[in-house]
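Just so it is clear, A, B, C and D label the chains in written order, and each chain counts residues from 1 on its own.
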Amino acid sequence: MSGKTISAIRVGDQAQFTKTISESDVYLYAGVTGDLNPAHINEEYAKNTFFKGRIAHGMLMAGFISTVVGMKLPGPGSIYLEQQLKFLAPVRLQDTITARVEVKEIDTTKNLIQLETQCINQDKKIVVDGKALISPPKKKRT
Amino acid sequence: MSGKTISAIRVGDQAQFTKTISESDVYLYAGVTGDLNPAHINEEYAKNTFFKGRIAHGMLMAGFISTVVGMKLPGPGSIYLEQQLKFLAPVRLQDTITARVEVKEIDTTKNLIQLETQCINQDKKIVVDGKALISPPKKKRT
Amino acid sequence: MSGKTISAIRVGDQAQFTKTISESDVYLYAGVTGDLNPAHINEEYAKNTFFKGRIAHGMLMAGFISTVVGMKLPGPGSIYLEQQLKFLAPVRLQDTITARVEVKEIDTTKNLIQLETQCINQDKKIVVDGKALISPPKKKRT
Amino acid sequence: MSGKTISAIRVGDQAQFTKTISESDVYLYAGVTGDLNPAHINEEYAKNTFFKGRIAHGMLMAGFISTVVGMKLPGPGSIYLEQQLKFLAPVRLQDTITARVEVKEIDTTKNLIQLETQCINQDKKIVVDGKALISPPKKKRT
């Protein structure tokens, strides 16, 4: 149950997670975070906005990035230090979002890696762009 | 149901949201995002980590910042453009977290504001620090 | 709040529970169990599979059998000993599933009953077949 | 996003998934399945039973087996054909359960594998035992 140590990570390594965003995802996320902005949970309001309907929380997409970091690359034992996010386009209910991370820089001395982090919809549009700074799990001493 | 326009916002304005992090918050967040990292859902694993027990997802804290932005300052109608996050300390189950934003810069020409965004625990420790770039709702034409 | 004792149960007794499978049922089930198989939560993937779209978890149907056993026949106080399951056909979102149990054998000496357990969709197709071994609640001593 | 084909599977291969069972897991599972047996959701009733408190649904444990089959061994694209379950011991709230599968038999002609499937608690006690019959994903033709 331990992720990749820095010696097992190469620039260019990638990992991803994909989910179709359900109405229940948005509603549960709204309930847990308290972000009950009408853009997310009020269809009567939302259909008169620029987006013509309810949209998902941008920060939910950021959660999928965290899923890839914590589960796959580097995986369990990683320490999440920094994340920069640019919200580029809305995500609608029933969009299918792929969170994708790619290793861009490795600093073995400080045990740090920098990841490009993107969320992409079913039409290959980047909806969230950014980068993350992660400390991968250290090798267990024996 | 519309938030503050830029003319109603002043440098130094603040808003916040506070929640005690329940086990169900962490479990629902894990289920919605797919982040089933054992640090969050496996107490047997977690009690042997540096943190001595399960911790909440850092990105859940970022969700609380989004709650303040989308609900209070500036509120509904805002466009969330950018967020920078530094995860400084772990959040344990039953910690009480306050997400707090403060207006730092206002650019009326571009209709942009920059917020300092922090999450602080019950011991006044900053667990997440960062800043956000937001476009407040525009005045409705009549 | 106690179910039927073995003396009140006859071979041929039946009970059932019916639910239309919502997207939120499948998503909550995925979140609770951690079964984020793309067949269940990724429509872009699922529409290219043999089933042409997302399907429910087969083991969710088994949960409905447990509902009938624990709530109706025999009901509260039963001890669930064994369950055999054959997954015969996929269940799609919005299918209406009836879990149905029928008493097949009764062993009063050992306080055991054997049930035929089936889940049937809205087209009368058996999607899950199997049998269960249950110990009904014992009579309370007074 | 495809699991192991039969040619990549060996007798003795293992995979597992672990989760601490939260109250919210049991309550969400109860809500989705409709299994509102008081043993699961009524502490006043449950504290007077043999188990001295609320217990989790046995079939929730079976869901964790499905998680390992569908996510890891063999993984996405598998067809779940049969599952036998023996419920050997109760699972209490806050127990940490590991669902573990091990390949016992491989039939390459029929593209079938048989798995031993067990759920084990934090005290190494087997709470659910059984076996599964799975058809792994077939090699994609090109």
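Going forward, a contact is a pair of C-beta atoms (placed from the backbone, for glycine too) under 8 Å apart; a residue touches a chain by one contact, two chains touch by 3 or more.
In this text, all values refer to a predicted model and were calculated from it rather than measured experimentally.
Colleague: Over half of the contact pairs shared by residue number: find the pair among B-C, C-D or A-C that meets that against B-D.
Modeller: A-C
Colleague: Roughly how far is chain A from chain D, centre to centre by C-alpha average, rounded to an integer in Å?
Modeller: 28
Colleague: Centroid from C-alpha atoms only, then distance chain A to chain B, rounded to Å. What do you get?
Modeller: Chain centres of chain A and chain B, defined by C-alpha means, are spaced 15 Å apart.
Colleague: Per the centroid of Cα atoms for each chain, what is the distance between chain A and chain C, given in Å?
Modeller: Inter-chain centre distance comes to 35 Å.
Colleague: Pull out every residue in chain D that's touching 2 or more other chains.
Modeller: Where chain D meets two or more other chains at a single residue, that happens at 1, 18-19, 25, 28.
Colleague: Make each chain a node and each touching pair an edge, then name the shape: line, ring, star, complete, other.
Modeller: Shape of the chain contacts: other, as it matches none of the listed patterns.
Colleague: What part of chain A is in contact with chain C in the complex they form?
Modeller: 18-20, 22-25, 28, 94, 96, 122
Colleague: Any idea which chain B residues touch chain C in the complex?
Modeller: Residues in contact with chain C: 27-28, 30-32, 34, 36.
Colleague: Could you please specify the touching residues of chain C with respect to chain D in the complex?
Modeller: Touching chain D: residues 1, 17, 19, 25, 28-29, 31-40, 42, 45, 57-60, 62-67, 70-71, 76, 80-87 of chain C.
Colleague: Could you list, by residue number, the parts of chain B that touch chain D in their complex?
Modeller: Residues of chain B touching chain D: 22-24, 27-28, 36, 38, 41-45, 54.
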